[in-house]
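Next come two complexes, and both contain chain A; in the first it sits with chain B, in the second with chain C.
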Partner chain A sequence: MAVASMSHGAIAEHEGADQLYVETRALRLQGFLLFLVSDCVLFSSFIFAYLYMRNSGQGWPPPGISRLDVSLGALNSVVLFGSGATMHYALENWKHNNFGRYAFFMLATILLGSAFLSGQAVEYTHLIFVEHVTWAGSGIFGASFFTLTGMHGFHVTCGVIYLTILFLQSVHGVYTKDKYFGLTAGTLYWHFVDVIWVVLFSIFYLI
Partner chain B sequence: MHIDVPILEKTVAVVGGIIVALVSAKALKDDWTSVGIDNGVFKLMLGLLCLGAVIALLAGVGVLGNFPKAA
Partner chain C sequence: MSATAVHAGGIAGHIHPEPQGFVRRYIFSLDHKIIGIQYLITGFVFMILAGLLAEVIRTQLLHANGGFVSPDVYDEVYSVHGSTMVWLVVIPLLTGAFGNIIMPVQIGARDVAFPWLNMISFWIFPVAGLMLFSSFLMGAPVAGWTEYPPMSLQAGPGTSMWAAAIFLVGVSSTLTGINFLVTIYQMRAPGMTFTRMPLFVWAQFATAPLLMIATTALAAALAALFIERQFGVPFYDPTKGGSPLMWQHMFWFYSHPAVYIMILPAFGMISEIIPTFARKPIFGYKMIAFSSMAIALAGFMVWAHHMFTSGLAPYLQLPFMIITFIIAIPTGVKIFSWTATLWGGKIHYTTAMLFAIGFVGLFTLGGITGIFLAAVPFDLHVHGTYFVVAHLHYVLVGGSLMGIFAGTYFYFPKMSGRLMNETLGKWNFWLFLIGFNGTFLPMHWLGMLGMPRRVPEYDPQFQFWNDFASISSFVMTFAILLFFINILWSIRNGKKSGPNPWGGRTLEWQVPSPPHYYNFKNIPTVFGLPYNFSQPLPYKGLEEELTDTPVTVGAH
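After this line comes the complex of A and B, so read on.
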């Protein structure tokens, strides 16, 4: 009797948790989207400040500073955009209960994100030690480039750590086929980081 | 054997750009009928991802960002 009442209690608790998940999912999604919008505002303010300063100067880049390496930038961009595609397919495979392919795409995303950070490190090393461009000593160009790409790189670093945690959680059974909001949030965050790079790549390397 | 690193980078960028643009366009097409706020945002993000891949592809082939060397 006691066992039966406990199991009924456990079932009721489980159903309550399911109901709570359904009721709060929309709120959590809205909260996460608001976080992304606030991050978008942060990037926008820096981007518009950069464009304003760039257009108020005499030519760009300033004298003594050569243009950024487009070929490395393009390669690095493709690596990051590729990670966006793999992240999308990781989530799709999770939804379709295909854990093997989910794990493959998730690990590919983490690897590609790390490769992008390595590419950024190569770019920074070249700029600092070969071109002698620094954050504080190269005027508006150095300050705006290192601030914006550094801020983006920080987001990518956080994203790689976030996705690694999500992957470990999914391996340990935290998410199910029906309850996977963490993975949805991780995918939204990673796509956001990709899209910000579309803008940064265009304004620093292509115009 | 001498390898021209910028040409190698551009080649990988072009090939990768084509692949990513096609894959993201297909993902967008597959998700086109899905509903909900999160799926709406995913569709927007996939569209921009496809645009970014095309931009990187055009930069790789030299259509964009092809500036003359400073004297």
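After this line comes the complex of A and C, so read on.
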């Protein structure tokens, strides 16, 4: 998506490209939303698998494993939801041509995303080295927890890299006040990752 | 963009010059027609390989004690045969090949929405196919195309290769689904409302969400299988707390919609071929279109009918049985509409039409045995027997593959500018029809009598009908050989077809064969359904299409 946006930055110098941008924007937006839908199905399948296994065993968490620490998860959630808010303000400020505030909120989003990943690293370290809960060695608890949060963490990592690229692009003038599809896509992706975390946090920490 | 650029029809105004180098033109092409033909050729190559595997199976079963290959090799052969036919032949041919070649022209677009994505989805597919076949080198999968754990967990390293290969094909399918959905939704020619779309486009429109959503669910199941096999993370192994039943749920949540991926585009092609050769408006256009959507939607709610013997709670079996029965209604609507279109028509018995009529008959038979299998008490009796093999081959060979043959005979002139040989074509059809029924019809009663599927040896009382099936399958193979000979012969020696050899009325027949690089000089305006034979064509702005001057291209 970023590549497509760059090529359209180049086309923007030509006359008549605005019309083209308007027309292809709808295509790319729809394509990107459909990509998010299929990604959502991927998560849903694993979530289904987790709930299925959780309900077919004897009680949860399985014997010998303590419940997850809600406070650490909650702190991490606040960080991630906060980054969703800053992402929203970044895009709004871009739309209103306020580059300084855009840059502030964008960098804040990237930092908060990284903070979330660090929090997850702390949690993983605690689980693996203190509680000895591992991916392969702790039955379905380890399998489902590490696979799902790992998948989500991978998405956040990709998101942080993606937002960094978008930020560098915007600094180099790839996007304008009227043409910023890359930023819209980045925002959508980031909110998507947020929403997935709402579900994961609920099913792993709260219930 | 210079002033000479063609800018009719919005998005389609964005034109790059046609690449001249061989690699960019024929290998890493962005042109949907070339990509479609790449899919077609690759799919046919895999079809030959899978067909050879099928003949290994039938040769083994010539004798009650087997003896042609060892039981282990036999397991590998039928597993790879099934996987290849489903993921490397039928799905890519019906969506990637015919969807790409025909659908964008039919909606009056110059290309699909994301040509780069289209190229990437194609190139994933042969790589994945090679991976699947390379699994033979390290012990191919042995648990059938369904790969139920725990057997798939215990088999050799080829099963991991299988999972990775199918995962990749799934990525390719998902990308194709997204691409087609956006193309159909956004890039139709002006005036082409949803209820003016050709029925093949409707079929692709119903298939695309299945490709996109169901395939991703399979990707999750495959990823979990791969992880469990490689890293020992328990998902399916019951001794470590996993559940083998979960694989069945996730697998069939994909694979039941996948059977509609494998049949809906064929329905679409049949809906194009039958009115064209009956010279009559299609009966019940809207009903055919909406029934595709109904099938696609209901297809997500029936997966557990594959699992009646897996230990499902009885209160779950009943709804799955009933919803499965309900799918027979939209399917029946289509069969009825095709029959009603033929009724009183001036039927031209070309090879494409013969295959289309054969499709209607054989698919109906396969569909009816499908209703049998959906009934819980009957399914308990025949589950895992040759009755299931007969059913699935009637819908997949008698249905999907017949549809692919019909579509190839029908659209070959559009791809190559030449007609396929009709005499060879008729031999091809009749031998295929006889060979097919001789192979799979006896499997119904073999299954009813209790012959289990996937066995290398069997009770000698079944010998006669197995021999009958095997010999018929050689006839069928010969017919498919004729099909490929016909293609190869016709590419060089076929009669020149001109733009519209069949008198078709959809947009693809109004442009030269093969169409120009960007399909249309001017995007036409559509003001009616394409199927009203004997009335003027419902398009404006097509006057210049059939001359040979290429599209004027913008200078950017």
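One rule holds in what follows: the second predicted complex is superposed on the first by the 194 of 207 C-alpha atoms of A that agree within 3 Å, B and C clash if a C-alpha of one lies under 4 Å from a C-alpha of the other, contacts with A are read in each partner's own complex, and residues count from 1 in each chain.
The rule we apply is simple: a residue touches a chain if its C-beta (ideal position, glycine included) is under 8 Å from a C-beta of that chain, and two chains touch if they have at least 3 such contacts.
Nothing here was measured: the structure is a model prediction, and the numbers come from that model.
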{"item": "Chain B versus chain C as contact partner of A:Q30, first or second or both or neither", "value": "both"}
{"item": "Touching partner for A:F104 - first (chain B), second (chain C), both, neither", "value": "neither"}
{"item": "First, second, both or neither for A:Y205, with chain B first and chain C second", "value": "first"}
{"item": "Which superposed partner A:D69 touches (first chain B, second chain C, both, neither)", "value": "first"}
{"item": "Touching partner for A:I140 - first (chain B), second (chain C), both, neither", "value": "second"}
{"item": "Footprint overlap on chain A, comparing chain B with chain C", "value": "26, 30"}
{"item": "Sites on chain A touched by chain C in the complex", "value": "11, 14-17, 20, 23-24, 26-27, 30-31, 34-35, 37-39, 41-42, 44-46, 48-49, 52-53, 56-57, 62, 135-136, 139-140, 142-143, 146-147"}
{"item": "Interface residues, chain A side, partner chain B - complex", "value": "26, 29-30, 33, 66-67, 69-75, 77-79, 81-82, 84-85, 88-89, 92, 184, 187-188, 191-192, 194-195, 197-198, 201-202, 205-206"}
{"item": "For the chain C and chain A complex, residues of the former touching the latter", "value": "1, 5, 7, 10-11, 13-14, 113-114, 117, 174, 177-179, 181-182, 185-187, 212-213, 215-217, 219-221, 224, 227, 231-235, 240-243, 246, 249-250, 253, 556"}
{"item": "Chain A partner contacts - residues on chain B that touch it in the complex", "value": "5-7, 9-10, 12-13, 16-17, 19-20, 23-24, 27, 37-38, 41-42, 45-46, 48-49, 51-53, 55-57, 59-60, 64-67, 70"}
